[in-house]
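These notes open a run of structures that come right after.
Two complexes are shown next, each including chain A; its partner changes from chain B in the first to chain C in the second.
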Partner chain A sequence: MKRVILLFFLVLEFKADLVLEITESASKPVKIAILEKNSSSLIGQEIINVISNDLKRTGEFRVLGMDELLSIPINEDEVIQRDWLLLDVDSIIFVEVQNEDNNLEIAYSIFDISYNETEDKRRVLGLPDSLRQSSHYVSDGIYKYFYGIEGISSTKLMYVTRNSDTHKLIISDADGFNEQVLLKSNNSIISPAWSTDAKEIAYVSFENNRAQVFTQNLATGQRNLILSSRSSVSSPAWSPDNKDLAFTSTKDGNSEIYIINLESRKITRLTENLAIDTEPAWSPEGKKIIFTSDRSGSPQIYEIDVRTKLKRRLTTEGNYNARASYLDKDEIIFVHRSKTDFNIAKLDLGSRNLEVLTSTKNDESPCIAPNGNVIIYSTKDGNLSYLAGINISSKVSFKLPALYGELKEPAWSPFLR
Partner chain B sequence: MMKWLTALFFSIIVHILIFFSYVFFTTESVENKSRKITNVSFLDEELQNKEEVRKNSKSKEKKQKKIDTKKAEEIKPKEIDNFEEYLKEEEIQKRISDNADVVEQISYKVIKDIESLWIRPNSAKIGMFADFNLRINRLGIIENIEMKQTSGDNAFDRAALNAIRKYKQIKYVRNLDDQTFQVYFSNFTLRFRPE
Partner chain C sequence: MKNILISLFSIFIIFACSSTPVEKVEVQETKTVDLTENTQSDSNDSVVMSDVDLGEAYVTVLFDYDDDTLKEESLEELFAVSRLMKSNAKYTLLVEGHADERGTREYNLALSERRAKAVEDFLTATGVSSFNIEVVGYGEEMPVDNRSNETAWSKNRRAELFFIR
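Moving on to the complex of A and B:
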């Protein structure tokens, strides 16, 4: 029993200092109830619904419904601890809404049942039309209190949809609501990507019947043409400092990885190989790029040092590994073919441990939430393609509503603070 | 001739050194052994006692070839005393060993119970740990929790503390004898260290 340590043990004096080590944790969610404080209003209920759905979607919270409660206190003083202990509730979240003078204020407090006192109090301020977004910020605050990392409810998703011949580049909230169309075209739009400061996006549009890389300022809507080529151009990826874009192009004959400096427009070729090199993604510190290459005969993930151009192969398991991104500097995710299915997998670069994360069959285009704990990807069920996600720590998977015939290439925004 | 004498002289010196080294190291090992015997190993102590008795009796045999019956009787009770002492010590040893088993069993249960209550935050990293000192009463009720070492992460510390607070009582210690309870469980440390 290695976890029991008798640190100090003298037979004659009978003294021992016992240290018990807790190394495993429960795989159960935090159990909470969300109640409106001191009143009951429609706007309050709407906010509670948004927060509740945000937290449930993570799979890391169990939010009790009103019909499951033994008592409904309207403030902290009315909490009967015994009732909540019986339900094994961890905390009650009291939400208080003020919507006056064209200002929305959501104050929330976290009442810890085992302490029987309020442990955290915070406020979110917004405009009345930002009710959902303000509620998402509350959800993120609650998430961070319990799980120690930033929540992602207040972030955005970008994706491409296609209904018959209409292609749209859309930005929505992380829960799929509040869609805004950024670009509508009769030609393909591919490879949307966020800049790391979330101020700009990049994508490839074929609106002029040739592949063109654009960047677009989200605040002003201003578009800049970065690259225009009769040959194939795809997969623009912002460097962490937003000064460069890595991309794939066939301008020199076959598919290679290049970097373009956005200020000087100087193009640097990174790979030089007869095989196909594509889908670049920057490492978090911006020193390396991972990409897909079939130089070994099958698509595999490689890493190249941007400065020295030294390359190494990262994946060895399976005959199809593609579309990789760094989860952090030690782990990558990518599309991996296991037997006949295409799944999202995670590879630990240190231990070489490969973990298949999804159980759907035709997964593609994985992207990582900015907190590094959720992966969203597009997948197909028959002819219907939709976005699905998986929470890495809780292993809970979820689907976003399928409203389009084809929905692909999701890109998760950075934190919007 | 001088060469031969020099070689002989050095040979004698080397042999003397070997002899002294042997004596020195042999004595040292006996000292080590006796230290060990004094503190822990009861079985060796008995052997040592027997050895001493045997040596004593041998020397006495040399000095006095005739052993009178009184002396023989004196030796016998001495051997019995040693044996009783040995039994006592063995009993203590056994009790400690039994207690260690019980302590391990209870510890295992406590670990499992708290693991079922600990919701590890996502900010937890390998190598991070937090220590809490627990003082519990004879009924196993946790009377005081003191954080001895913070992990440096609020959510981590809070989640660990919540797991202990939810646990409230270590009911298993009620069946322990007072001494074992006092020694091990009246005050002990819980370390949260994710693997």
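Moving on to the complex of A and C:
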């Protein structure tokens, strides 16, 4: 396999960061201030800056600026409770940075204003070049303290950009920094998917003028063609244990769903139907797969038991339901056509209650963050496609506009810690 | 919020009693694969001649929304293609199926391939050998009109026929 690895490329691409804009904030965000403990260093300010931006970006925090404060304590003992109660601040985050012996250590504590005492203390250890990532760990710790849900600042996003004839598969930190190009091609790239250990990815590439599924090792760039076929192979989905890959192929004459065991290369056919069957997604425990089928005359979501092959139809409302994934074992999200628009919807599998979550026009490729609480999807404004997202519990919505060309096919990484 | 705080508080006390929890940060390295500088792929699965500009389609047939049924108005042209292919067994036809942008990419990929297949099925039904027909679906990836309106969509829902031999 011929391939060119361009290391300098990473440097050239660094500028093209995503910029996240909150389009709707939480109704009652947690009000905090982040202060450096016992000193004021450049690196400390840089770290506090990253953490502040992470927390602001959730839409669920209001981080006070220095100019808004009535007093600036350098440690817990100096906190004048009255000043902070006046500002209605929930907590002060004290951050202490040690950067020596080739180690970066960030210690942070959460000082609750109403209790007037420290409620939580943690440390994050990293190498000096991991300043941003280490800061994201702190943000996630703070997020979890306040909301009881894992934070996602230290996760990564994968997405596809298109600028005229150049298609790129890119991963970046969740805040858009640190963009790294995984694949650059003159042909379309669609359906990127992370392995559950985040060491490999799978995607569909049209580089040989037909849809083919490749897996690619992130660290080495080593690529593997999943199935050599004169028919299209697409829609890869890793099983939760990472041993199998579900995919769609027309190799037997019609669009069907298969599972390949990545070690034995044994292929199992799951569907047998004259209709289109595609877009497989695994249930959290790996026993079931949901997929799109137009066997009823319009695309609808079905569920199949991988072992018994028993099927049931899940969606009944509307004439277009596709690209589903499990939010948890009882809920799925998918693309739903409501009147003329395509939106992201959620279906409760127990009550069969369908809720439309988005209100833009051409929403597709919904993907769930590993904490199960944020959905990112691609949408279109005029001819420009970009990414948008919603927080399920807080209803915060945000968008990541494309700085150039198109931005599409988002895939959120698993937790990386 | 306070309920969460209090329940979390009790958990943190347990932590705080032992020692401050510590997390270690790992940074992952990645490599770039660049296909744009390779003019040819070494994969032997390249069934379609990727480097050859196929030019204008010999025939283009259009489809309705979420539909792979051939329209009556397309049949005359397809009969002509059929006659041509039967008169010369060496001709090989490439049928490319396409979809408009609405709906999901993967479903559109399957739909576009069905459109191309509908053309193949028609031709084989009229006596053309399926060995001389190559079918490929491109989904919504290669629109002829980039706009988001009905005019553009109706042009993009198509199958294009090319003679490649």
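Heads up, the rule we're going with is that the second predicted complex is superposed on the first by the 385 of 417 C-alpha atoms of A that agree within 3 Å, B and C clash if a C-alpha of one lies under 4 Å from a C-alpha of the other, contacts with A are read in each partner's own complex, and residues count from 1 in each chain.
As a convention for this text, a contact is a pair of C-beta atoms (placed from the backbone, for glycine too) under 8 Å apart; a residue touches a chain by one contact, two chains touch by 3 or more.
Just so you know, these numbers come straight off a predicted model, no measurement behind them.
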Touched partner set for A:Ala107, first chain B, second chain C, both or neither: second
Partner chain(s) touched by A:Val124 [first = chain B, second = chain C, both, neither]: second
A:Val374 touches, of chain B and chain C: first, second, both or neither? neither
If touched residues of chain A are counted for chain B and for chain C, the larger one: C
Touched partner set for A:Ala281, first chain B, second chain C, both or neither: neither
Partner chain(s) touched by A:Gln180 [first = chain B, second = chain C, both, neither]: second
Touching partner for A:Val30 - first (chain B), second (chain C), both, neither: both
First (chain B), second (chain C), both or neither touched by A:Gly148: both
Chain B/chain C common contact set on chain A: 1, 3-4, 6, 30, 90, 112, 119, 145-148
Sites on chain A touched by chain B in the complex: 1, 3-4, 6, 11-12, 14-26, 28-30, 90, 112, 114-115, 119, 144-149, 371, 373, 393
Parts of chain B lying in touch with chain A, wherever the complex brings them together: 39-40, 92-93, 96, 100, 103-104, 107-108, 110-111, 114-124, 131, 153-156, 158-160, 162-163, 165-166, 179, 183-185, 188-195
Chain A - residues contacting chain C, complex: 1-7, 9-10, 30, 90, 107, 112, 119-127, 129-130, 133-134, 137, 141, 145-148, 166, 171, 180-188, 190-191, 198, 204-212, 216, 218-221, 223, 225, 228-230, 232, 234-235, 248, 250, 255, 276, 278-279, 292, 294, 298-299, 320, 322-323, 335, 337, 342, 362, 364-365, 380, 382-383, 409, 416-417
Residue numbers on chain C that touch chain A, as the complex places them: 1, 4-5, 7-9, 12, 15-16, 20-38, 41-50, 66, 101-107, 109-111, 113-114, 136-139, 141-142, 146-148
